[in-house]
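Here chain A shows up in two complexes: once beside chain B, once beside chain C.
Right, the complex of A and B next:
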């Protein structure tokens, strides 16, 4: 008697356990499926870029400027890789992103600190709203603004400065917001500890808050950089492009995304599209990975 | 009460008719007067929200930070008006320790101890630095535990060690008064005991004001006690007398656990 009862109990338990087991399996399967759907575009893009672009990636890709269409045509007909590289685009991107950061980092961080300190004041709320609006402005519109301000009145022509101004306005809201969020995560008691030692306000900001939140600030800056590094539209209206390496901020300048657009319009340059896109993609991925690493280190 | 008034020349701090309002007309502390004795531990007790922290923060003018807060009355430190001192001078003489340990996360243990000097731009010779660091850490009984890791971040220490580091940071400035706002409420019993023993030793050199929720802590280590209720200072006297024979009915009810 006793043993049969326990047997029944066991089997029913077993069945219940089985049902849960199956549910678990289905659920895990769904999660895997959805994750695959999410990551597949990235994998597809990268594999496509690598398979199409690797041929062009060699030393001259990084050390020489863009070939003209005739050279590319000859190389294509002979079945060779296209000569030359995209040095003018690489230097232009570095120059313009650097200039944009030079403007956006100090201004963005200071405004972010201001919002963190005065978040409830009316004026701060207005600034916050403007920041949100700015974040939603299409980048081509920012390019137009830079065109009307910088191209027409400051450099009197297309220029690296005009390009970086457009990128600067794109970076600004991102840095402002990330600065504010970073500072909000620092406990108020840390700030008060400084005040309790009689430390003046500006030193609390520069010697306690900024160093304490440094990893967060850097992450925000890196993400803003990776956001603008691939921008094409605003640069078409401002930096225009250049076949040669240009480091004069008042002169037209190329950039990697601008070159991709130019290659796209030239049937002889198709192979360079893929190689340049691969480089751009790697830059963006690399920056994102670095910021992820900084974030995970901070959370340790 | 009389006894405390008689001994006013021994008072390190005189709190005179101090009131604090967070919003206009809405007082969190009303008309508190008391003379705090030198080299003694004075506990501030009372139910949550009665204004203990608010009163404590009025003493080193922490309320100055927030322009909406109105502070009235006068506080004398050794007879001198605290309102007329520079905040740096005042806070050098009156150190503060908070409820949660708050070492500066961007600084090493050593730098945390001398943070008051570094951040105020007071330059120290290397030998002075080392002396202050060692003495302050020894005063809080932390020296032995951390002397080999002075260059590590203070945030890697345990909660109790961090709190002792924060006390060391306050001591490094050689203050006369140390204000502590429930310094053990986030700590385990062993760390709490260590800090209590430490405070008893420290009163040889410093005057200590301790806000505490914990009546038995006040009974264990304080010489004088204040009982606050709804922003008022209801009773102030020798701790022993207050616990044995409270003069006010509200004190009695609080001490016997009728409300908390």
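Right, the complex of A and C next:
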């Protein structure tokens, strides 16, 4: 009698456990399924870019400027690849990202150091909050600001400088925060040792803080660069675009994302879209990969 | 010596002043640019649904674009919710510390690296035909298509913060639950979720803030019609994509109206991001 009761209890427990076990399996399965759905776009996008874009990537893609739509139309009709390349975009992107970094790196690192040194002050907290706000401003609004400040007042027309100014405001908060985070991880004792030896303050910054945090600084700068390299919207309002290679910072300049937008709007250029996007993606992912390698080396 | 230190400190302080100048200058410039539109339309600008650039009958209102921006971003968050939640559990709990988790994490990071315009192209050439094929509408453009691409774009942001929050849940709580015979599902819903709830919620607020300001991908997929969308598959326009579309030929009152929209967008994203940051500080 007693044994049969325990038997019943055991089987019912077993069944209950079974149902929970199955539910748990379903739950885990759903999580795995949804995670795979989440990462599927990256696979789909990269494979699409490669399969459609590789034909157009040849030497002239890197050494010649954009063809006009008539040349592209003739090539399409004859079934050839479109002549020319995106040299004007490549040089424009390099020029503007370089100018933006030239402004953003020194100012960003200095502000980062200021926040690290004075983090608890009321004023520093305001600076931090403003940095956060600036980081959340949509890039198109930054383009508009650069239009009012640089296009209208400084260069009197669309220009590479205006484009890089918009990118500069985008990079600034990213570099500030990464600098501050990097310096926070450096042991205070290293800095204090410097002070104890009577090293002047600027030497403590340049000879102690910056060298010991260098890999972190570089990672932050690289990630900020990879964020702005694909920006299109602010450049539409500031750099405008150009069919020729332009290295004059006061003149309209093209960029790879701007060219993609132009190709998208021109049905004759469709083939060039994919190759340009592939190049842009490889640039962004390449920079990301390098910064990841630096991070993993530092953590060893 | 003391002098040198003072100079260094002054330089650092001046650098920090520059970001305050930039930020306050931005607000002032936007406000100044808004004046002509504000004088003409007043607060009706926000509630008006007109967008008529015909000379002499010029009339501009922001409501369709405010609605379009909010609707696409809400669609994005709804789609993002189960996907980002599952992925963050995958990385932060179920396969935590395993190779497969760091692999999925890298893939999600790569999603964050894809430029907006490439998302737009992919949406235009791949996603849009799917929408047409499924018979939702003829052209495939619309707020749903735009929301779908936005969802893919903001998933990495929601996921990376959620992962941090899930990892912060104390191990002994979870172990206690497991030792009582709880399954993984029980632990997720009864231990992790109650403890990381506010952090996970914040990650979606910040992702929402991101979605509000996205321009290029939305411009390429939303259909760019200046009306309030009436259904999920109607075309519409967002504030950011309107600025991108109409800026080229804008001057005078139209330009001022675009600036007013930029100011509104600035304020809305600022509020959402501010809310997110405030919540994250509390955790």
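In this text, the second predicted complex is superposed on the first by the 261 of 300 C-alpha atoms of A that agree within 3 Å, B and C clash if a C-alpha of one lies under 4 Å from a C-alpha of the other, contacts with A are read in each partner's own complex, and residues count from 1 in each chain.
Here is the rule we go by: a contact is a pair of C-beta atoms (placed from the backbone, for glycine too) under 8 Å apart; a residue touches a chain by one contact, two chains touch by 3 or more.
The structure presented is a predicted model; accordingly, all values stated were derived computationally and were not measured.
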item	value
Fit-or-clash call for chain B and chain C when the two complexes are aligned on chain A	fit
Touching partner for A:113 - first (chain B), second (chain C), both, neither	second
Touched partner set for A:190, first chain B, second chain C, both or neither	first
Between chain B and chain C, more extensive residue contact with chain A	C
Touched partner set for A:164, first chain B, second chain C, both or neither	neither
Partner chain(s) touched by A:253 [first = chain B, second = chain C, both, neither]	neither
Partner chain(s) touched by A:219 [first = chain B, second = chain C, both, neither]	neither
Which superposed partner A:273 touches (first chain B, second chain C, both, neither)	second
Shortest span in Å between Cα atoms of chain B and of chain C, once chain A is used as the common reference	9
Touching both chain B and chain C, residues of chain A	198, 200
Residues of chain A defined as touching chain C within the complex	20-21, 23-24, 27-28, 30-35, 37-39, 41-42, 44-45, 48-49, 107, 110-111, 113-115, 117, 123-124, 126-127, 129-141, 144-145, 148-149, 169, 172-173, 176, 198, 200-202, 205, 226, 229-233, 236-237, 257, 260-261, 264, 273-274, 277, 280-281, 284-285, 288, 292
Interface residues, chain B side, partner chain A - complex	60, 62, 65, 86-92, 95-96, 98-100, 102-106, 115-116, 118-121, 166, 169-170, 173
Contact footprint of chain B on chain A as seen in their complex	186-187, 189-190, 192-200, 203-204, 207-208, 211-212, 214
Parts of chain C lying in touch with chain A, wherever the complex brings them together	1, 4-5, 7-9, 11-13, 15-16, 18-20, 22-23, 25-26, 29-30, 33, 82-87, 89-90, 94, 104, 106-111, 113-122, 124-126, 152, 155, 159, 183-186, 188, 209, 212-216, 220, 240, 243-244, 247-248, 258-259, 262, 265-266, 269-270, 272-274, 277
